[in-house]
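What follows is a set of structures for review.
Presented sequentially are two complexes of chain A, the first with chain B as partner and the second with chain C.
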Partner chain A sequence: MGGDKTKIILSITPPLLIIILLFYGGIFYGLVQSLGYQPAIGKYEINLDAYYNILFSERYAKLFWTGLALNLWVSFVSTFLAAVLALFAALAIRKTFFGKTVCNFIYSLNLPMPHLVVAVGIIFVFSQSGLLARMLAQLNIIASPGDFPVLVKDKYGVGIILAYIWKESAFFFIILMSVLQSLGENFEELAQSLGANRWQRFRYVILPLVMPSLFSASIIVFAFSFGAYEVPALLGVIYPQMLPVMAFEFFLNPDLNARSEGMALSIIIALIVMILVIFYFWLTQTRIRKD
Partner chain B sequence: MTEVNIVNLIKNFSGMTRPAVDNISINIRNGELIALLGPSGCGKTTILKMITGLLTPDNGDILLDKQSILSVPTEKRNVVMVFQNYLLFPYMNVNENVGFSLKMKGDDPKIINKRVQEMLELVKLPDIGERRPKQLSGGQQQRVALARALIANPRLLLLDEPLSNLDAHLRDEMRELITSIQKKLEVTCMFVTHDQEEAVLLADKIALIFDGKLQNFAEPKEFYEKPINVSAAKFFGGVNFIELNKNANYFHSSIGNITSNQTNINELNTKCIATIRPENIKISKENIYQDNFFKGKIKSVIFSGTHTRYKIVINNLNLECSLQSLGIQNIKKEDEVFVNLPKDKIWIMNE
Partner chain C sequence: MNKIKIFICYLIVLTFAKFSFAEVAPGFNSWDDVLGKAKGGEVNVYMWGGSDAINGFVDDFYGVPLKNDYGITLNRVPLKGTVDAVNQVLSEKEAGVTGDGGNIDLIWINGENFWTLKQANLLYGPFAAGLPNSEFVAWDNPAVNLDFGRPVDGMESPWSSAQFHFMYDSARSNYDDMPRSYAELSDWISANPGRFTYIRPGKGGFVGTRFVKQIFFELSGGQAQWVGPFNQGLYDQWAPKVWELLNSWEKDLWRGGETYPKDNAEMHSLFANGEVDLDFTQSPRGAGPTNTAGTTPPTSRAFAFYENMIGDFNYWAIPYNAPNKAAALVYANLVLEPELQAAQVQPANGFCCGWGISTAKVTDAAGQAAIADAQNNLGDAAEDQNILAKALVSDIAAEYQDLIEADWEANVLLK
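Coming up: the complex of A and B.
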């Protein structure tokens, strides 16, 4: 037994080292820079100035807090709506063979699609010069494409939310389909024979049964959309700006003094995401222990 | 208290060459306990699901107290099914599980609590209301499932393989609990089993089903003494079969002529089969018999406590005979004996 353990540890050590180096090395390097240590421009002092600037200074605080609010809003709304959409899609089509095949195909195709492609698709369909606006104008439902509401590059992040809903609902859908499949229909049939109508079966049987998986999936999706860059970069506005985009712009800033602020911002994002992931692990672990 | 009439019920599934349920009719009286007995895949669960409304029959009707329930949706039928694997809701405690159907009806929580307590006492588990299903043994889960089914006073209670997931000693206990509760509440009840012994011990009447077809619907005793055909006889442990040719007033067989007291001889085909239970065959070294006796040879003797089992061969026909061990003659392997098939105990049926 002891020999086996050593073998396992030895065999996973090289990849583990690489992962640790890349991940923690990156974090460490970022952390050091965020603390103001930048030998390249002759800064050796360690302090929390960059964090202070981001969180409280007149110059950045407003940007940061509105950005954080937008981040929370976009992640929360898109995660919630994607989960709801996926749940209804999964419930609606799970018993029809044709619907199941079609939906599975669309969603499976959607899952590996780069976020960038989805963002471009959203522009193509939902922008004021997009497909939908032109179609509605053609049909005389709106006078001209310019009357179409601003859904892309808008200050409420509607375009970003749409992109995330489209993309993440695929993830939810695939998880839900496998959960529903493994649960089977026996619980619902039993509840029905005990007098539960359609709504009660949803409320008292399906929902509590899928909730644990749905909730853990939500944490992952939330954490991902919270830290992701490319969709808000393409579909967002200058102000309010989502935090990952802001961090990246700090990073590109020719003024190397702004580097520390950018890194401080990145560390803050990473911290929030990591807390969510730890929460996720805690949640799934306690559930496994309970089982 | 409900009378149930199942009339010419038919159900086909795509991908099956024969109907899963093939023209089955069963009439059940108020408060009777009925077993649906048959091997795996014969259509038992399908019948229960049609009665609950979870499946729609292709043909036929189901009546409760003379009224068809086919147009009534499952949730309004008040026909409750207890599934084989109990299916307690894992996210609810025992109290919530048992009270489920009353909650769905919108009953007052106080009334629900009181009824839940009554039901848990009925199934002899008064103190486990706060526990989660995972904290219960298999037998306890089964009883909670039963309490959950009974709380709404169902018109008809359906149990799918209620005992098959329990160990032998729990099975006896549960069987007694089911019969006592069923008689006490006078609820009409159908249960599914593939175990003939269980059916015999529990049921007032047994519906024997093979390949979706009802073979016989009768009291347990009849399945032993007057089986409807060879497969039914075999299912109930029948081992002795003799091929016959029907003549005017006797039957011809490879071991000689056989006579019978049976009254339904007119219904028998020319080619038919006689059967007799091992405990009804008599053997003796002396010829002390009047009719239906044959000379045979003992092929083996197996002592099993209260009974001793003999394998006998007459010409080429093998028979098994079982005698009480106490006070039997000294009959050994290879002995020549006279074998008697009493004519009031022999049963003749079509194949």
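Coming up: the complex of A and C.
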């Protein structure tokens, strides 16, 4: 028994050290800076000025609240649509042989693609000087490429949402396929023999079975898209601006005093994601139990 | 009587002290001392690495003579942005790396990045006036001794210069139709709706800030009154008129002014894609460097307003913990050699920037010939150098920069 214990302690120490040092260490350091403690420029006082500035000052409040609204909108819409698309795709093709192989292959290809590449792809295809706009102009469907609707760098974040759907639906799809495969068809056949129609089989058999994994995948995708920088940096506008981009701009500001605001904003983002994830957990736990 | 004796003693001691402790730079008694300590070492040069032309220029024109004439190995470290080097020095400071224990010997720097390091006491110096070639530098020119309006104080030494002006595509527009003032630009914008935008004034978009700053100069009747310390009253008097003008453009701007490009790269791509007809350049060679790089169409040309075109210098700075300060000094001195300065202006060498020295201060024949040859080869992608020289004004106190960026956001973007 004692030997087992040492073994466990030995094997979990390296990952724990990394998590504690790098992750919590980084967060702690950020937290301290967000409170105004910056010895490099002779600031030793601890205060909440940076948080106040971000949330309420005339200079930043409007940027912050519009940014937060955009963040919530983009994350909710892209997570929801990607999940729904993947669910229907998975249900539609899981029983076909050829379709399944092809779709699995296409979606798996999508998975290792960096978000950065997807974002650039979106620019190439959907921007006003992009492939689609030029093609439609060539075909005389629109008069000039400039008449193409603004889908990239637009204030509603359509381009960002498109990029996330493109990327994350593959993630959902692969998780759903493995769940559906492990379930087999017994449940459905049983329901069918008891007289359940297609809709009833979907609503009362399949959905409750895939819901737990769909929800946990949604949490991952939501938290990721809420805090990710590169896609909104490439596809976003300068106002309203998503919060991670705003935080990074504070960080890059050569005026070191602005660093506290950048860190405060990052801590706020982390807090919001944490609260939403806890809320989401609570919601799914109670909902799933009821079903 | 005694007092006079003491005074004389004092004078003698003072004179003697001045002679014996005369330093060319902190820690070095003479230039020979610098050369001796630099020999056989390596110099780590941290610089923005986004241009193959500039990288190649540094390797060929500085790396070779450093090796052959001074026995110094050049180690050029490319950066995505200068701020990366600033953050590294800052981290080294926080980690307690002092003396010559750092990694960076030189940073290609100016403006706010310089101010960040200077503000945090992270620079070595003053050293610039001690370099033998500093005799070619126009230290009495405010565009040189002030960096974005903040005193250089010998903590950085110039490399090259830049001046704001514009580009157009000669395949799309005519040189003669180009606006030559902000008043004419206003008319041009309403005559060409959707064909103009400017870089958002803000971090990473200082060229846009500069574009807006020049409007202050034109509306207020000239740049002269803006030189000197920050003047809130003057700013408050003209700012509303500037925002009014910018807002009056909005409906005729690209995308109706709903968004703006945030840096040079975005602006160039809008111009190259044919979404807008005017672009900004900072190079005395006009559209030359971007045409060569392929970021603007090869038919692009330059033009300047007749007044109020801000010019500035960029510099080399040495971090407080540079591992080889002697070699850094040799490098900073080398780049000011008149013939190497002429080489960086010579278009065939692909460098994008202008003079770091005052060419009038060069007296030897070889230097003068190289300078004249470079001036004559600027080519048709550049604006007439006389127009640029006449329009040249220096940048102003840095406080205006932050204020303009914040107020532009509040009064134009968010209004």
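Definition applied: the second predicted complex is superposed on the first by the 272 of 291 C-alpha atoms of A that agree within 3 Å, B and C clash if a C-alpha of one lies under 4 Å from a C-alpha of the other, contacts with A are read in each partner's own complex, and residues count from 1 in each chain.
Convention: a residue touches a chain if its C-beta (ideal position, glycine included) is under 8 Å from a C-beta of that chain, and two chains touch if they have at least 3 such contacts.
Everything numeric in this text was worked out from a predicted model, so none of it was measured.
When the two complexes are overlaid on chain A, chain B and chain C sit side by side with no clash.
Of the two partner chains, chain C is the only one touched by A:Q128; chain B is not.
When both complexes are overlaid on chain A, the residue A:N197 reaches chain B alone and has no touch with chain C.
Within the superposed three-chain model, A:P208 lies in touch with chain B and out of touch with chain C [touch as defined at top].
In the superposition on chain A, contact of A:R59 is made with chain C only, not with chain B. In the superposition on chain A, A:L256 makes contact with chain C only, not with chain B.
Look at A:E189: by the touch rule set out above, it reaches chain B but stays clear of chain C. Within the superposed three-chain model, A:N140 lies out of touch with both chain B and chain C [touch as defined at top]. Of the two partner chains placed by the overlay, only chain C lies in contact with A:I41; chain B stays clear of it. Rounded in steps of 10, the angle chain B-chain A-chain C defined by Cα centres in the superposition reads 160°. By the touch criterion defined above, A:K153 lies against chain C but remains apart from chain B after alignment on the C-alpha atoms of chain A.
Once both structures are fitted on chain A, no C-alpha atom of chain B lies closer than 50 Å to one of chain C.
Once both structures are placed on chain A, no chain A residue is touched by chain B and, in the other complex, by chain C. Taken together, the chain B residues at the contact with chain A in this complex read 49, 52-54, 74-81, 83, 85, 87, 89-91, 100-101, 103-105, 134, 148-149, 152. Contact residues of chain C toward chain A in the complex are 81, 83, 86, 90, 93-94, 111-113, 115-116, 119-120, 194, 200, 202-204, 255, 258-260, 262, 273-275, 402, 406, 409-410, 413-414. On the side of chain A, the complex with chain C involves touching residues 39-41, 58-59, 62-63, 128-129, 146, 150, 153, 155, 237-239, 249, 252-256.
Those residues of chain A that touch chain B in the complex are listed here as 186-187, 189-197, 200, 204-205, 208-209, 290-291.
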